[in-house]
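What follows is a set of structures for review.
Note that chain A is present in both complexes that follow, paired respectively with chain B and with chain C.
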Partner chain A sequence: MKRETMQTYITQNNLNALLDSLIEAGVRVVAPRISAGTPLYEPLSNSAEMVMDQLPRRSAKEAFFPVCEDIMSYKKEGQQVSLTDIDPSRFPETVMVGVRPCDAAAIPVLDAVFSWDYKDEFFLERRRKTTIIGLACTTADDACFCTAVGISPSGTKGSDLFLTPLEDGGYACEAFTEKGEALITGNSLLFSEATSSKSLPIAEPESETFDLKKVKSWLDEHFEDPLWDGIAVRCVGCGACAFVCPACHCFDIVDEGTEKAGKRRKNWDACGFWKFTHHASGHNPRDLQPKRYRNRIMHKFKYYDDKFGQTLCTGCGRCVRICPVGIDIAAIVEEISKK
Partner chain B sequence: MCDYTNKNIYLPYLTTVTEVIDETPDVRTLRLVFQDDKVKETFSFRAGQFAEYSAFGAGESTFCIASSPTRTGYIECCFRSVGRVTEELRRLEVGDTMGVRGPYGNSYPVEEFYGKNLVFVAGGIALPPLRTLIWNCLDLRDKFGEITIVYGARSEADLVYKRELNEWQERCDVRLVKTVDPGGDSPEWDGKVGFVPTILGEASPSADNTIALVCGPPIMIKFTLPILEKLGFSDEQVYTTLENRMKCGLGKCGRCNVGNIYVCKDGPVFTAKQVKAMPMEF
Partner chain C sequence: MDAQKIDTSIYVAVTEAIRNEAERIISEGEVYAIVGYTMGRRKASVQPIIVSDASAAIKLIFTPASLNNLAVYLTKAKKEIPKNGKIGIVVKGCDLKALVGLMGESQLKREELYIIGVPCVGVLASTVQPSRELTSESIAPKCLECDVRMPVGCDFVPNVSLPKKPQIDAKYASEIARLESLTPAERWNYWKEQFSKCIKCYACRQVCPFCFCEQCLCDRNKPQMVETTPRPAGNTAWHIVRAMHLAGRCAGCAECERVCPMDIPLNLLNRKMAKELKELFDYEAGFEVNDKGPLATFADKDDQSFIR
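On to the complex of A and B.
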């Protein structure tokens, strides 16, 4: 049985007051803010920094899976080495606010990777300590295609609490998890009864819905296909698409330091890089850019689905916006869906 | 200090190098003993599994565990120095500390091989992933039928585990066929001259109730599979290992996949039937 969700209302002022009181209490509050002219999900020092009307340039994943993070440190004395572990319990309690449905929907997708079989506590402990407040989109641009991959601009997947902007300037709030409910009940004076104010128009991207089953069944049969040679010849292998993607999660493990002392780190990586699959022998199973781009499409629309039953793309459009050579994944998948 | 209770899946065990053996001018074996008493006692693995080996300051490299699970108290790895990490590993001396994460991946279904004949076919540096199983089986010798080992390298100098080749040659319960590529032999060479697939064909082991285990460079595997087929081996009777580049070994970092198969989790041991069903991405 689907449980009843807790529905309530909060004004912009009270939302700001809530965030300020959380910050005051030592909670890390992450929200879209302007950083060097660019909207990014970053920790706020006060609620006035929050910008709710711009899609952050990078996704929300880095709150759980930082671009670079220490996983241990080492120190060598004579022939002995001592290691210092990282204690995940030191990760801060976090509230993320203004998370777009495309970003929030990608978080359960990442959960599957980091929790199946071996548990990555760096990711999972941050997840446990984070409450996600989603925000419905009232603006969309040409690159947005969430609806094409089955996500909605008012979709609540991945959100503990979800905000829908209303005409009166406040937000309708709906809690979907205990974490979301706790935020309401713990600050009940800031929330009030749901109002009759209407929702602002939700921005539906204009792209057509892809038949993802059809896309997958084509991919199942077409590892070798002239399509791959055609679409990625111009790809320069910069990896930017993977770095801005809310669902891409490939990483490298590297030592940074000297022979005597240093840190071992988990850094973001990308299947578009030539070195990603390069063997010590010199052999490279994905030696050409089209093979690497094929892996990107296959992983998102077939391999991940084979393993976890979901698509590894939430249609945020960031890769389309950032690609220096104008590769449009939505156009490629649309082409495949029409084959 | 680390007590391995924080459940950090990326944290290596510390080991001490207790023996350094030069197999060839650029291939080295390291014998490693776990420093933590509890780990030393509880660490166990199966033939075919691999590990991530740390040279602190340079990073990690992926190799199989080359020693046999029947020989406890230590593990061995065997590697060629070709990159930053392996160059650093090569600098380690007896008494130095090295990191090991593992064991990872699947393994040879040794119990399914009980009562069967075994044919091992290896080329060059690819003997270590079979050597773990060879000793595993020799230490349980009664459980298997005939054991044949066909091993070759470019030249005599490139043969690894030379001392063990001699040991196998002297055993009456093992048939060792060793070979070097044409031009790789010296006047003292007492083995065959010819490429591994050709020599395997000449040795002509029976496919009846037999499992073949093949490890080598892609070119050797490519020419060995048709020979085995000609000898009557079905694809289910042939096992090999895939050796894609890895980082995490845990099914997360995303690079070792061949199509939707993750070598680190679904492999590294596969039957020829499984390999033939994969897309050409290895």
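On to the complex of A and C.
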């Protein structure tokens, strides 16, 4: 049964007041802010730092899956070695605000991976403790293609509470989960009844909708195909596309430190790197960039679908904007869908 | 002050000339392929292309969005591009400096290159949409300090005359002067904040024509030379290693800075190194094939004031 959603309204001032009171109460409030000149989702020290009109350069995934995190530490004293685990119960309660639909939609996609056979407590504990406040998009550029992969600029997938900017400067709010409702009921004075003010125009990307079933069935049959060389011979092998992606989730684990003390760390990895599948023997099954780029497309539009029944791309367009050599995933999927 | 428009009308004739020359040299068998620029899907976007069929020469273009330094594709690090004889390449003056450097370092042989030089009035900054008009505001900062608008020593240069260079204030020189005027602690804070954004995607390394090592020191884990994780210590070490390895070699194509998804002003480090090299050794990279760069040789007249 579909649950009835709670609908209400909040002014910009009250939204700021809500965030400030949360920060005051020790909640980690993460929102888009300008960090050394670049828009990023980062913890706020007060609500004035929040910028709602720019898509953060990196996605929202890092609130649960940080760029780098310690997972264990070790110490050696004499012959005595001691290991200390990280205690995930100490992760802070978090509210994430201004999360774009393409970023929010990727969160359930990540949930599936991190709770599949192995339960990743680092990811899952942060997830449990985080409330996602989504924000409808009123701006888009020609790299955006969320609608092409079945997401919408006003899509609420992944959001606990969703804000739609209105003409009067406030937001229509809709709660979809208990976490979202709790935020409203716990701060009911800041919310008021839904108003008659109209929504600001929602920015619809101009791209066509991809036939993802057709794309997948082509991929099922074309592991070897001249297409891969054609699109990726120019790939220079950096990890930028994977690192800005809201859905890419590969990571590496390294031990760093000295003989006496150090840490085991988990950090983002990318299939574009030549070392990604480099075996200890020296053999590399993906020895050239087109084979690595093929993996990126296969993982997003076939392997993930095989396992979890959805697509590993939400059309945010970040990889399209930042690829140093203009590799355009939307153009590639469009090409495949026309085969 | 209003943005000053920059006349890019010569790029139409440049494109035409590149296509004709490419078609000729491929069909006559002079080269087996040409690395150039072509259109992307997004409005006015441009991307690299490798053309090996004369009939595909028509795809080649040159526009203010032709940002890439294509020299990177000719290095041994880019194994995807077959190296079997003479290859053609489209270069701006700044990109040509990288070819010159790579020849000096025995990475490329002049006789295996067919260099198509582009008379260039500038390209767009990476921060603007590729469809933007080229103006004093939208131009890439490196172009404001360009001294090679008309490349020399190429096999072919389209016959067009360059319009006068507009007078626009240089950005790197003033930003370096600003950073030099800070105290070491303030400067450290500036870079600490910038490096904290680094995610170790290594786009800066992968697009650099001079980062052609097949195994980067910073990727090693047995033993680990620098921390590979994107944390303050490893990030800072990476960027210092990168800047030092490029000192006396980097000629300022600014690709590292263009591609950084985190907007770290990497070319400032490279320009600062270049400035030091100029002051200490009266050396500028990229103008002549030189197999002994200033940091690879010792001369009696070298500054030794650091020995105390």
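As a convention for this text, the second predicted complex is superposed on the first by the 336 of 339 C-alpha atoms of A that agree within 3 Å, B and C clash if a C-alpha of one lies under 4 Å from a C-alpha of the other, contacts with A are read in each partner's own complex, and residues count from 1 in each chain.
Basically, a residue touches a chain if its C-beta (ideal position, glycine included) is under 8 Å from a C-beta of that chain, and two chains touch if they have at least 3 such contacts.
Everything numeric in this text was worked out from a predicted model, so none of it was measured.
Once chain A of one complex is fitted onto chain A of the other, the partner contacts of A:271 are limited to chain B, with no touch recorded for chain C. Look at A:24: by the touch rule set out above, it reaches neither chain B nor chain C.
With both complexes placed on chain A, chain A has more residues touched by B than by the other of chain B and chain C. By the touch criterion defined above, A:80 reaches chain B but does not reach chain C. Judged by the touch definition given at the top, the superposed model places A:239 against chain C, while chain B stays out of reach. Legend: residue contacts after superposition of the two complexes on their common chain; A:193 is shown touching neither chain B nor chain C. Of the two partner chains placed around the shared chain by superposition, chain C is the only one that A:143 touches, whereas chain B remains out of contact.
Judged by the touch definition given at the top, the superposed model places A:254 against both chain B and chain C. Chain A residues 254 lie at the interface with chain B in one structure and with chain C in the other. Per the touch definition, chain B reaches chain A in the complex via residues 1-2, 6-12, 14, 16, 54, 56-61, 80, 82-83, 86, 88, 95-97, 99, 217-218, 243-245, 247-248, 250-260, 265, 279-282. Chain A meets chain B in the complex at residues 71-72, 74, 76, 79-88, 113-114, 116-122, 223-224, 249-255, 257-260, 262, 264, 266, 269, 271, 276-281, 283, 285-286, 291, 295, 298-299, 302-303, 306-307. By the touch rule above, chain C contacts chain A in their complex via residues 40-43, 45-50, 68, 72-73, 78-81, 129, 193-194, 196-197, 199-203, 205-207, 219, 221, 224, 227-231, 234, 255, 258-259, 261-263.
The residues of chain A lying in touch with chain C in their complex are 35-38, 40, 57-58, 67-68, 141-143, 232-240, 242-244, 254, 256, 265, 267-268, 270, 273, 275, 287-290, 320, 322, 324-328, 330-331, 334.
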